[in-house]
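Just so it is clear, A, B and C label the chains in written order, and each chain counts residues from 1 on its own.
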């Protein structure tokens, strides 16, 4: 088991393995998002209260899920990198960060668009949107810190520590923002806290969530492969690989 | 018990470039080890690894036959490291600067000890001036006073002769020699010719390798 | 140079007896040194206080001098302005030590680095957070803060700013190796300050509303306790990373 993990931690082995895996995830992502998207946007029943505008949930919720999950995965990768010094984990974390920030932005943007028909305004200090906004700042901090170091090794480790500190803080931030929101007597209802959905509504949502996760894995595999090539460009196996291709 | 710091298959990679590889090294009491090499060859990095400041190296370090990361506290209690920067606060007087080092090293708080350490490096009469008003060489001497103030068997000195005048160089050489003769050990880098009448070995860094020669 | 042999003998610190005393004196010496340094350059302590007063002055000018309006926003304003003022001096927490070489000596002391770093953070709170908390009621008067909330304002700021110093020190340690890391530092730590701001400003608002402040203060205390447990290790790790880079 241990030997397997260590072997997987070698960029060369991962590079070969990911080449075989990533097409599957790209395909799964395309099929799932396609199915869930068409089903959710065209066939799922309209909401009795919000009408068709609720359909943005099929983008907003998966993006928000992913935004939070990616930060947790980055923190785990940071832990693996710091404790076992497996550089591949850091390469993966580097590859994930922009996607996580992007997903947070998509969640914010879709939340804002949703706000127009629901609240009649582009922005409401809703608990979830506020937490999401703070998460977005956390992502920006991690990306900026990594880039601020002259030495990549130091930047990687600093970003790992910050991600771990951030992940410990995320539940505290979420909890405190929820508390703050309830204290200030919300004028309207929260966009995603709602009574149980009928099956025809949540099944496409589930498919979309799975599709988004497949997309995340596919993007991470592909971007990690690029990161490996960039960082290992002086290694013989990469030179051989590039030599073969060109 | 004599001191023994050992490096086995030591290697350090910085941003995909090997500074040195497969370095085998045993540092014992009673000798000077001089680390040589051109600028950027990793001299300071090696000293920082040997003093336990850097952890991203390959290979193993042992202090008194025990892995360094386990014996860290024991090791640090026997080490005196002087880096590039003297570690002297400009707003504090030499006496106040030394008081911090004294307490940090667990060497009590006697002012008489600090005064005699300052006298030994030729700073008598300057002990109550803010260090910022002293010359670069005098500030370096404040740092060197720690060699007197907090006795440690292993000295790791990164360019200790920087900004020191000729007389100071001779004094420091005599201090190094006395330390080694008393069973201590010195690891240092310097661009200067070194005249010490004690056993001296050299490590030459560069081209990604390290060579130990006597 | 008396007893040369004794000077070069190997020592192994006696863990049972000497360590506690020597750690205490190392912590004491570190705090004392940092306090002396700040006393020699009082600007580092006074500037955040002046900044705090100045920012509070800007709000009535920028919004409205209406006492009723100011009274409503006063708790939040005072807390946000104090938080930013505390952030100002954070960048210097480790930077000077890193530049003059004292930081690497701190890392090489035969004592646990988290404890030594915490001693420095304690001085930061004593010279920044505590004075801000003591000054806040005066500025509260200027913002027509309702009576009965002044004590809670000072107490919540004293308690909360300790957490801000501890958490902020992680950011200061991470950016100490980055030249001109001040803006980056605020980018890193401000999101982490959100819970403290919520419970701190919430405590003052609760005091004004006449509802209980105990829950808010207890949560601020819990945040401080959690920060004191986790942050020192993160600060120590960050300092090592920054000096390696």
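Methods note: a residue touches a chain if its C-beta (ideal position, glycine included) is under 8 Å from a C-beta of that chain, and two chains touch if they have at least 3 such contacts.
Computed from a predicted model, the values in this text were never measured in an experiment.
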Where chain B and chain C overlap in contact partners, by chain label: A
Chains most often in contact, by C-beta pairs: B-C
Centrality ranking, top chain (CA atoms only): C
Centroid distance [mean C-alpha coordinates] between chain C and chain A, Å: 33
Distance between the centres, which are taken as Cα means, of chain B and chain A, whole angstrom: 48
Multi-partner residues of chain A (at least 2 other chains): 151, 153
Touching two or more other chains - residue numbers and ranges from chain B: 56
Per-residue multi-chain contacts in chain C, two or more chains: 244
Of chain A, residues touching chain B in the complex: 85, 151-153, 231-232, 234
Residues of chain C defined as touching chain B within the complex: 1, 4-13, 18, 22, 25-26, 28-30, 33, 36-37, 40-41, 99-102, 104-111, 240, 243-244
Chain C - residues contacting chain A, complex: 170, 174-175, 177-178, 181, 184, 187-188, 190-192, 194-195, 198-199, 202, 223, 226, 230, 234, 237-238, 241-242, 244-245
Residue ranges of chain B touching chain C (in the complex, touch as defined): 1-3, 29, 51-56, 64, 73-74, 76-79, 81, 83-92, 96, 99-106, 109, 120, 148, 151, 153, 178-179, 181-184
For the chain A and chain C complex, residues of the former touching the latter: 82, 134, 137-138, 140-141, 144-145, 148-151, 153-155, 157-158, 161-162, 164-166, 168-169, 172-173, 175-177, 179-180, 183
